[in-house]
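Chain nomenclature is as follows: A, B and C, assigned in order of appearance, with residue numbering initiated at 1 for each chain independently.
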Amino acid sequence: MIEFRNVHKSFGPQKVLDDVTLTIPKGQTTVIIGPSGTGKSVFIKLLVGLLKPDQGQIFIGDTEITKMRERDLYEVRKKFGMLFQDGALFDSMNVAENIAFPLRQHTNKTEKEITAIVRAKLAQVGLPHAEYKFPGELSGGMRKRVGIARALALEPEIVLFDEPNSGLDPVMSDAIDKLILRMQRELGLTFIVISHDLEGTFQIADRIAMLYKSKLIAAGDAKDIRASDNPVIKQFFSRSAEGPIQVV
Amino acid sequence: MAQAITNLFQTVGRIGYFTGDILHGMAQRPFYWDETIFNARKVAFQCIVPVVAILFPIGMISALMGLKIMTLFGTERMLSSLLAQGIVKEMAPSLAGIMIAAQAGSAIAGEIGTMRVKEEIDALGVMAINPIKFLVIPRLIALAFICPLISIIATVSGMLGGLLVAVALKAQNYGVFMANLLNFVTLVDIWSGMLKASIFGVAVGLIACYYGYHVTGGAVGVGKAANNTVVHSIVAVAVLNYFITTILMKVFVP
Amino acid sequence: MTAVVNALGGVGRAAITLLALLGRMGTFTAEIGHWLVARRPLASEVLTQSVRIGVHTVGILSCVLFFIGANVALVGYAIFKQFGAQEMIGIYVGLSSVIGLAPLIVGAMLGAKPGTEIAATIASMRVKEQIDALEVMAVNPYWYLIVPRLIAFLLVTPALVGFAIFACIAGGYVAAVFQLGVNPGVFMADVVRFLTFSDIWKGLIRAEVFALIACGVSCFYGFYSAPGPAGVSRAINLAVVVVSTAIVVVNYFLTELMY
């Protein structure tokens, strides 16, 4: 279970997260949605400790990460896997080396075991036979698949997805959503997804939380949120430029 | 090794073609005066601080080492004339050339490369503006005229650095220093230094524009272009410097 | 009056920016210092980087120094000739190669070639979120990216200084003997006449300091690069200019201290 308690974060005069309190349950997919520039990426960076909140506390399970020292934070981070927007694969390594990287850094597994894990993860994300390709040779969708395989390599408890649909065509987008859904059902892990893609959100979300103008305006079961009559949520879901959300 | 040499010749050949395009562009109207003046100001402001920051300590260290050696022979009085000659003929133009390569070269490659990546160069073409005439030629002309001026500033700051060490730190006589300063410096030395600087400027500009203009592949490509520009223009300055010195010696030293 | 106030405000803002920059450089240096000792660096990374940096630099460095050496001989000859002291040319080439030029140009070329490469690599890793990815995978980027490169710079520098001295004197030799007609035996005897062993190791120490500056500054500007192609090219630009300026300034103080 992950908990945000009264978290505030600003950059200079600009408030990015304003008094956010949110509980993310274990073993489900929670999607954080909201218009661009509402602090979704900051939310995820706070969660893994890349940023520190100005005020408030963040708990991963029972441990508070907010005031943790860097070294202990690194231990906590081993529980996380993360898919970055464009995969963030290392250009100097091929696909297999990228997936093996966290294993080589943090485990004492033999090369044989590592190779087996790499193969298994690649099969899991539907990309067998791509081991020796370099990130530059992959399409956007393939890079995301390899990114997911790398995120899962260390058997994490929590997996974060930063805009899994960004930069993909609708067909590839749907394929990635189906992959996320299937992985969650198979592995039963806690998935946290940041998105502004509605189709994908409805497909994969057990729970939805919405950020708007740096505040958390709604959080709950996916079907409750979809039925909400909050005008901001309604406007966002109907993909309309008319309503309380300022377009310009 | 063979590969590297083939690559070198290929690149030189391509820069040759590029120069052909530029000369062709120069022969035609219009000439973008505003762009030229804008770039000249920009290059001047970008380069003055780094050039002074290099030449001043170089002047200081030359005076320091020079004094050390000359004290051995009891010829301290000669310090300023040797220093001035070294700076005017050699250090000012070549070090100014290297700093222009580092500062203006990487900046120009970065600017033009960024425009290429963001498709701004294609946009110019679509608007019927020849990008070589609009982007490249003004920068080359600006460098050709600004670099000699920068070299003069470099000369003065190098001499000031030498003066500081000799007179203020090592207690040499100010009057003797100033009196001997320009003893051996001829007018030919001064303008040949300026000519050198101008040639270095054009060479740096050509390399920077070439790499910037032919960038492929996003931010990484722009980084590579800036990197190549710095390295290859420093090599070009060193090599050209040697050949220009040889020619000047053939022409002016009896 | 308002002009004065504005000017003061401008100076104040510049001072604050400068302080912020120095502060960031300070924490950056402290982090590197910490990770240099906190955890053993990856030997394989150090080795790969050393080979890469050495191989990438040595050719271009030798080429530049060869021509600089040749030019030094030509200009030195012309200047000394006015005093009828052109026989000093060998002494001049030897001293200026070993004491003056080789360490300085090694530092400058380390900044220009592998330094800008590192700045570009780290900057584009930052832009593509790869540095964040390292952090999330619980691998410290200072330890993984910067420390091995720093050690590699220090390891390859002595070899580079050797190549540099050789190339510089070779250039001087070619110009003096083939262009100016100096006797080759006399030239070589003069080159080593006033050189002592301490000149070489003092040059080495200076080159190591320059290598440290070149690597640290390049990594710093790469690490804090702004996003996008403009950010990357700005990082490279700042890295080269700051490296070369810092090296020349530090060189003055080291020389004053050592000789």
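The working rule: contacts are C-beta pairs under 8 Å (C-beta built on N, C-alpha and C of every residue); 3 or more make two chains touch, one makes a residue touch a chain.
Computed from a predicted model, the values in this text were never measured in an experiment.
Q: Please find the two chains that have the most C-beta pairs touching each other.
A: Per-pair contact counts point to B-C as the maximum.
Q: Whose C-alpha centre lies nearest the centre of all protein C-alpha atoms?
A: If we average C-alpha coordinates per chain, C lands closest to the whole-structure average.
Q: Centroid of subunit A to centroid of subunit C, CA atoms only: how many Å?
A: Subunit A and subunit C have C-alpha centres separated by 42 Å.
Q: Go ahead and note the Å separation of the Cα centroids belonging to subunit B and subunit C.
A: 19
Q: What whole-Å value do you get for the distance between subunit A and subunit B if each is reduced to the mean of its CA atoms?
A: 50
Q: Give me the residue numbers in subunit A that touch at least two other chains, ranges are fine.
A: Where subunit A meets two or more other chains at a single residue, that happens at 91.
Q: Which subunit B residues sit where two or more other chains touch them?
A: 220
Q: What are the residue numbers in subunit C that touch two or more other chains?
A: Residue numbers touching two or more other chains: 124.
Q: What part of subunit C is in contact with subunit A in the complex they form?
A: Residue positions touching the partner: 124-125, 128-130, 132-133, 135-140.
Q: Okay, in this complex, where on subunit A does subunit C touch?
A: Listed in rising order, the residues of subunit A that touch subunit C are 45, 48, 50, 70, 74-75, 77-78, 80, 82, 84-86, 88-91, 101-102, 105-106, 154, 160.
Q: Would you mind writing out the residues of subunit C in touch with subunit B in their complex?
A: Going by the criterion above, the answer is residues 59-60, 63-64, 67-68, 70-71, 74-75, 78-79, 81-83, 95, 99-100, 108-109, 112-113, 116-117, 119-121, 123-124, 127, 175, 179, 228-234, 236-237, 240-241, 244-245, 248-249, 251-252, 255-256, 259.
Q: Residues of subunit B touching subunit C in their complex?
A: It is residues 4, 50, 53-54, 57-58, 60-61, 64-65, 68-69, 78, 82, 85-86, 89-90, 94, 98-99, 102-103, 106-107, 109-111, 113-114, 117-118, 184, 218-227, 230-231, 234-235, 238-239, 241-242, 245-246, 249, 253 of subunit B that touch subunit C.
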